[in-house]
Structures are given as structure tokens and as C-alpha cells.
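Read through the structure below, which is laid out as C-alpha cells, and then see the notes.
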Amino acid sequence: MKTKIRLSDISFSYGNKLIFKQINAEFAEHCITAIVGPSGQGKSTLLTIINRLWEDIPATNLHGKIEVWLNGTNGTPQDIYDSAYPADSLRRKVGMLFQTPNPLPMSIYRNVAFPLKLAGIKDRELVDHKVKTALRQAFLWKEVKDRLDDNALILSGGQQQRLCIARALIMEPEVLLLDEPTSSLDSRACKVIEELLLTLQQQCTIVMVSHYLDQVKRVADTTWQLEDGRLTRI
Amino acid sequence: MTRARLIERALLLAATVSGLSTVSIFVFMVILGLPILTAGHFSELLTGPWSPDHGVYGIRSMIVGSLTISFLSLLFAFPLSLGTSVLIAVLAPRGVALAMKRLVRFMTAIPTVVYGFVGIFLLVPIIRELFVHGSGMSILTAALLLAILISPTMILIFVDSFERVPRSYLTAVAALGGSRIDKLIHVILPCSWPGIVTGLVLALGRAMGDTMISLMVAGNSVGLPQSILDSSRTLTGHIGLIISADFDSLEFKALFACGLLLYLMTSIMVVIIRSLHFRAGVRGW
Amino acid sequence: MVMKRVKESIIVVLSWLCSLLLAGSVATIIGYLLFKGLATINLALIFGDTAPLEAIFLGRQVFNGLLPAMVGTLALVLLALIFAIPLGVAAGIYMAEYGKGRLKGWFSLFFDILASIPSIVVGLFGFSVAVFLHHNLSERIYPCLLIAALSLAFLVLPYIIRTTQVALESIPVTIRQTAPALGATKLQNISHVLLPHALSAMMSGIVLAMGRCAEDTAVIMLTGVVASAGMPRSIFAGFEALPFYIYYISAQYSDSRELASGYGAAIILLIICIMLFGLAFYIKARFELTFTARSGDKRRISQRIMKAPDRRKKSLKVNFQTEQSGQGTLL
């Protein structure tokens, strides 16, 4: 199976506390990789070093190399910490979903279209179409198609999370990072998201943090355990 | 340079210009006040009387005036503010607390000069007839008016720090059978001492920095006040009364000494508040 | 136990007394002002002997009226804000989003000090700068509207910086990270998400700063305000202003008519300040968290999208790489 992401000798510290010690791992393409482990071990941080979101946090330090095999680069991996490689292009290819859904206080439509606006895409027909497709992919279209102008904040928790998935999908990302995406949802909403993840596997590589072992068993292809700053494959 | 970098530079420039204005005010005061600070005038400046006709430009009575008026107003305003804050944050029923809070916020919108104007025509005659002493323009008059002016500052900060006390502490006291006064005395007040000190210092700064009230109702006489019923001039009022445009006279230079003194006093208060918050942040309370 | 109950009752009573005393004082002050001054509020107070329409549209001089002072105050406030808002907002954004470490600490200290400097000292600074320029640059520079507005701008600058900074910094991390996780650059995050989010708090801070400019007397009395200048004609000339007029009347009134106009002016200034103050709170309460879609055109987008024919997925595949070139034009 083709490797999508490779972490080589990753060490990460926060203040003078070493969080990861020499982590080495490879995540396969079009697979769902789950990362499990006790809380407070830095599972979420591990995700943010794949899309460089940790860089805004003061007093942090990272050593090591992360490579991502992006589409259309003839098999040469991209070193994501290459100083010539801008973080925002990386984050368009590596989407992320947070523990609690984080729709912006705008309409449903504008939320989903927001990444396109960031990328400078103005063609209205194209934007409309992409929004529709993304909402369909996120199993949300039927529920919101009549009220795309409503404020996204009035959606239920599960709907908000699927909205965030749609918003991440609209960029057609190659990798999707999920940080306990169902932890704030009830069991029904949780089930919908799990089904959704299994279909998304077709189009992107998924790395997911979870502490529900039964959930991991249901969806993950490979599982890694993070404990004491080390990542081991189970 | 990229666009993003250019904008970051521009923002930094804006912050630098703003920061430099603070420094440049200080430098201006020092340079322009220098002739009177050097040349042997220094001790005379701080301790001498104001008597331009005799070539003596001491600002002692203005310093005394500023200090007495501001501390006296704090003396009036502190109990008033503490009592009101306790009512708002702890004792009053919801409706009353809200109304009182609105009133206090509303007070911050009243222009100083309006206080001064009403003070002249309402409070000054009352003081004059009550104490039968002088014109009624006195330290006491100014302090009373200032007390009303600075109370909202204190009350808003007090109430804010009372409300920041974690609810769990209050529940703990209640579970042990404590009354709301017990909560106040044993938890709320001890927890919010940094807020109380901050409020006090800020209010003192406002009182010391205010010009219009003392200019309008304190009488502005340059003599050293003997009692709080005497007329007096503050440092701020002294600057406000510039008449001479003779920029190079020593009389004029003395104003910069007043300005410098006010600058330093308020800066010290800022440093006190900042260090207080730093320590409170580190140590809890 | 009885002692304790007595003690508690005393505290309660004292607390109520303090509040009543404070409320009573304010009511007395406002009541006295209204009692003495309400009768003087009429058109003649503002326009004097000149007909209002002629004063406004023909620019006829107004004598014995408050119009020049009111217009002077308006000009002063607007001019001061023109200087203070861009500088203050930019510095505030720097403090919240870019500044770090020691430099940020120093800036923060300086802004705190600037905020605490008594306004009369800022006025003295403005005055001496004007005199300095008069001696060294041009004989034509005197304390004037421009100098007063610049000095006032310094007075409210730290206020605008702090409001901007706090408004930005209090945005929760979840919202702060949303746009970057979707590929936004730092600038895009600031302009598309953070600033819109902070806008209402910033606006209400700016309106409060307007109130401070309108009511301040100490700064302008050293930097160019005069008792009678007529309508402001040039930013290089002296001007009238409401708060100074009130101060001037209180010390120099010659007859009961002038005194009455002082009461009128005080009421007008009070109303202006209260309205600005109310506006600030209205903005804050009304627009909290609502840079959302306009709700008037409900279902418009839904209908548009549903009507559109489904295109095949193939045509949808647009390469992001090529579209990124347009990104620079976004800001």
C-alpha cells in the first residue's frame, strides 16, 4: 500500500516539557488511521504538526521531518516544513476537523463556501456547485437545502460537525485530520459521522484521534498508540 | 517584500508611533522644564511658594493642593463605592442591582465640565453657607464633587472583580451554612483584593489627573491651604491657568515641572497596577 | 449569634445607604441642571438671533447662539478620530496578532502610561509643540483646531488600541483556528474572520472615544479653543467648543441670559454624551456575533442552487493550484 504521510524522528516540546520523543510513523493512502492513547498525551498536538497549526502556539519547538506524498508530484514527497512551502497551501490539502464543531457565525452557505473565498474563487456558478457537492458528500444536503441562508449556529451539534466536514471537503483535500470528531455528539449523530468517514476514505487519507476503542474498531484500518511520547503500531 | 510582510511592517510602525508618543511627551516635558530643574532652582521649585513677582516659582502649594484634594476625594468615594458595589454584586435583588449598575455606567457618560458647572452653582453656595468660611470654593467642595466623579471607576472595577470570584467557592460557603454576608467577608472580599487595589489606584489617578473640577470649584488661590475649607490650586489647575504666552519665562517653565510631576505620579500608579496584576496572576490571590 | 446578626444587618443597611447616597447625588446634579436649564432649551439658544435655516444653509453668522460651539465640537471630534482610528486600530491589531515577547510588553506599558497621563498634560504638550513650531517652523502656526484635534487624538489613542486588542484577543481559539485550518493565510484570517468578529466591540470602543473627545475640556483649552470665533472656518484657526463654552460661562458670565445659555449648553453636551454612550452599548448588544448573512433574502441562495442543473463531476474538478494565483487580490 502506498504511503501518504511519513513522520521521521519527530520530537516536539512545549516549554521545557518534551511531548514527543523521536516519533517515526507512516500512514497509508486511502486508509483510516486511528491514533489512540490516554488523554493528555498530545494526540491532538500530533495532528496539528501534520498541518502546522501548532506554529501559532508560543514556546513550542519541533524537530524532525514530515513528508506528504501529494497528488501530481510524480512520487516525490513534499517536506511540509520546507521554508519555501507556505503553510496555507499545505492546509488546503490537509483539512482538519476539531473536537467541537466550529462553524463561523455566518450562513450555512457562506460557511461551506468560505475556503473557496479564501482561495480567491469568485465564479458563482462554480461555487454554488461545489457547495452543493460538498454538502451532499457530508450527508447534510437534504437537511439544509431549503435554508442555506440561515445562520449555521442554529444547526444541531451533529449537523454542525457535518457542516464542518463539508467545509473541509470543499477544498478536495488529500488528507483529513480528525480530532475526536464525535466526542461532543450523541450516539446517533456519532453513527452518521462514522458512516460518512467510511465513504470519505475513497477520496482522502484520514488520520483520526479517538478514545472510543469500539469506534476505532469499527472504522480504522490501522491503529497507533501514543503513550509517553512514543507512537507504536498496534 | 511580500504584501503580508509589508502590512506587518505597517502595523508595527503604527504601534511604534503610538508608543513613541508616550516617550515624546515625557522628553518634551523634561527638555522644556530643564532650565528650572537645573540652575539651583530644584529644591526651591518643590518647596517654595509661588511668587512670580519676587522671582520665586515654587509649586509646593499646588502639590499639597493636588494631594489633599485627591486623597480626600478618595476618602469619600471609597466607602461609597465599596458599599454600592457590595449592593450590586451581593445584596440587592436582581432588578435593583441591574438598575444600579446601569446608573453607574450612565455616570461615566456625564461630562466633567457638567459636574463642575453644577458644582459652582449648587454645591459652592451650600458649602459657603454651611461653614460660613470664605467663598465656598474650597478643597472640600472639589473633593466632594470629585468623589462622585471617580466613584463609577471604582464601582465598575469592584463589581467586576467580585463577580469573577469562582462560583464554586460561594457554593462551598453556602454548603457550610454561611450567610451571604459570610460569603462577602470570608470569600468575596479576600479573593478580590487585587481588584480593590486596582480600583483605588485608578480612581486616585483620575482624581489627581482631573483638571476641570478643581479649576472650577477649588478656588485656585496660590497660598498654602491651612484647612480643607481653604481655597487651593492643584497642579492640573495651575497648568490650566496659563495666561502668559512668554514661552521662555521661568514662570512658564515651572508648568513643565508640574506636568512632569503629574506624568511621573500617574506612571508610577500604572506600574503599581501592572505589577499587582502580574503577581495576582501568578499567585492566585 | 445575635451579635453576628446585628453586624450583618449593619452591613446591609450601610450598603443600601451608600447606593442611595450615590444615586441621590447624581439625581440631584441632573435634576438641578434640568430644573435650571430646561426652560432655556429652544431654537434661539442654538441659533441666537439668526434664522435657523439661514444659519445652516447660507452660513450666516450666529451671534449669541450655541451653533458655532456645537459645530466646533463636531469638527474637533471628527478630526481627532480621523487621526486616532487608523493609528489606534493598526496598533491594536499589531498588539493582538503580531506583537510578542519583550517588545509587546514595552508597547503595552507605554500605552498604559499614555492612557493614564492627565489630559491637561497632553494639552500642555500640544500647546508647547505649537509654540515650538511657531518659533522654529512657521510664524503662522498657532494653537488651532488641527493642534487641538491632534492632541485629542493622542488622548484617545490608547483607548482605541486597547479596545481593538482586547476585542481581537478575546476571540475564542476554536474560531481563531478555523480559517487557518482551511488554508487561510494569517492576513486572510485577520481580515475575513477575526476583524469581522471583533468589529462590534471595536465600534463601541470608538463611539466611547468620541464621547471622550466631545466632553474633554482640559486638552482643548490649551490648544486653540477660544470663547468667540464663530463657525470653524479653517483647521489652522481657533474654534469654539461646547465644553469650553460651559467652563467659560461659569467663570465669566455677565448677565442672567448668558448664565441661562450656560445651563442650556450643559444640557446639550450632556445629551450628546449620553446619546454616544447609549449608541456604544446598543452597538455592542445588537451586533454581538452577527456578522452573519442578511436574513432578508432567505431562501434566495437555496432556490438558486436547487434550480441549477447538476453538472458532471468532471467539470467540477478545478485545480486549486491554478486558482491560488487569484488569492493576492482578496484583501
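Here are a few things to note about the model shown:
Per-chain residue numbering starts at 1, and chain names A, B and C are given in the order in which the chains are listed.
Operating definition for what follows: contacts are C-beta pairs under 8 Å (C-beta built on N, C-alpha and C of every residue); 3 or more make two chains touch, one makes a residue touch a chain.
Because the structure is predicted, anything quoted here is derived from the model rather than measured.
Once chain A is ignored, the contact network of the remaining chains holds as one piece.
Inter-chain contacts peak for the pair B-C, counting C-beta pairs in contact. Ranking every chain by how far its Cα centroid lies from the centroid of chain B, the top place goes to A. Centre to centre, using the average C-alpha position, chain B and chain C are separated by 21 Å. Chain A and chain B have Cα centroids separated by 53 Å. Mean C-alpha positions place chain A and chain C at a centre distance of 43 Å. Annotation for chain C: residues 185, 328 touch two or more other chains. Across the assembly, chain B contributes no residue in contact with two or more other chains.
Residue ranges on chain A touching chain C, taken from their complex, read 51, 53, 56, 58, 86-93, 95-96, 98, 100, 102, 104-107, 109-110, 114-115, 117-122, 125-126, 128-133, 145-151, 153, 167-168, 171-172. Here chain C touches chain B in the complex through residues 7-8, 11-12, 14-19, 21-23, 25-26, 28-30, 32-33, 36, 86-88, 90-91, 93-95, 97-99, 106-107, 109-114, 116-125, 127-129, 131, 135, 154, 157-158, 161, 185-187, 211, 214-215, 217-218, 221-222, 243, 246-247, 250-251, 262-263, 266, 269-270, 273-274, 276-277, 281, 328, 331, going by the rule given at the top. Within the complex, the chain C residues that touch chain A are 100, 174-175, 177-185, 188, 192-193, 197, 289-293, 295, 297-302, 304-306, 308, 311, 313, 316-318, 320, 323-330. The residues of chain B lying in touch with chain C in their complex are 3-4, 7-8, 10-15, 17-19, 21-23, 25, 28-29, 32, 79-84, 86-88, 91-92, 100, 103-118, 120-122, 148, 151, 179, 181, 184, 205, 208-212, 215-216, 236, 239-240, 242, 245, 247, 255-256, 259, 262-263, 266-267, 269-271, 273-274.
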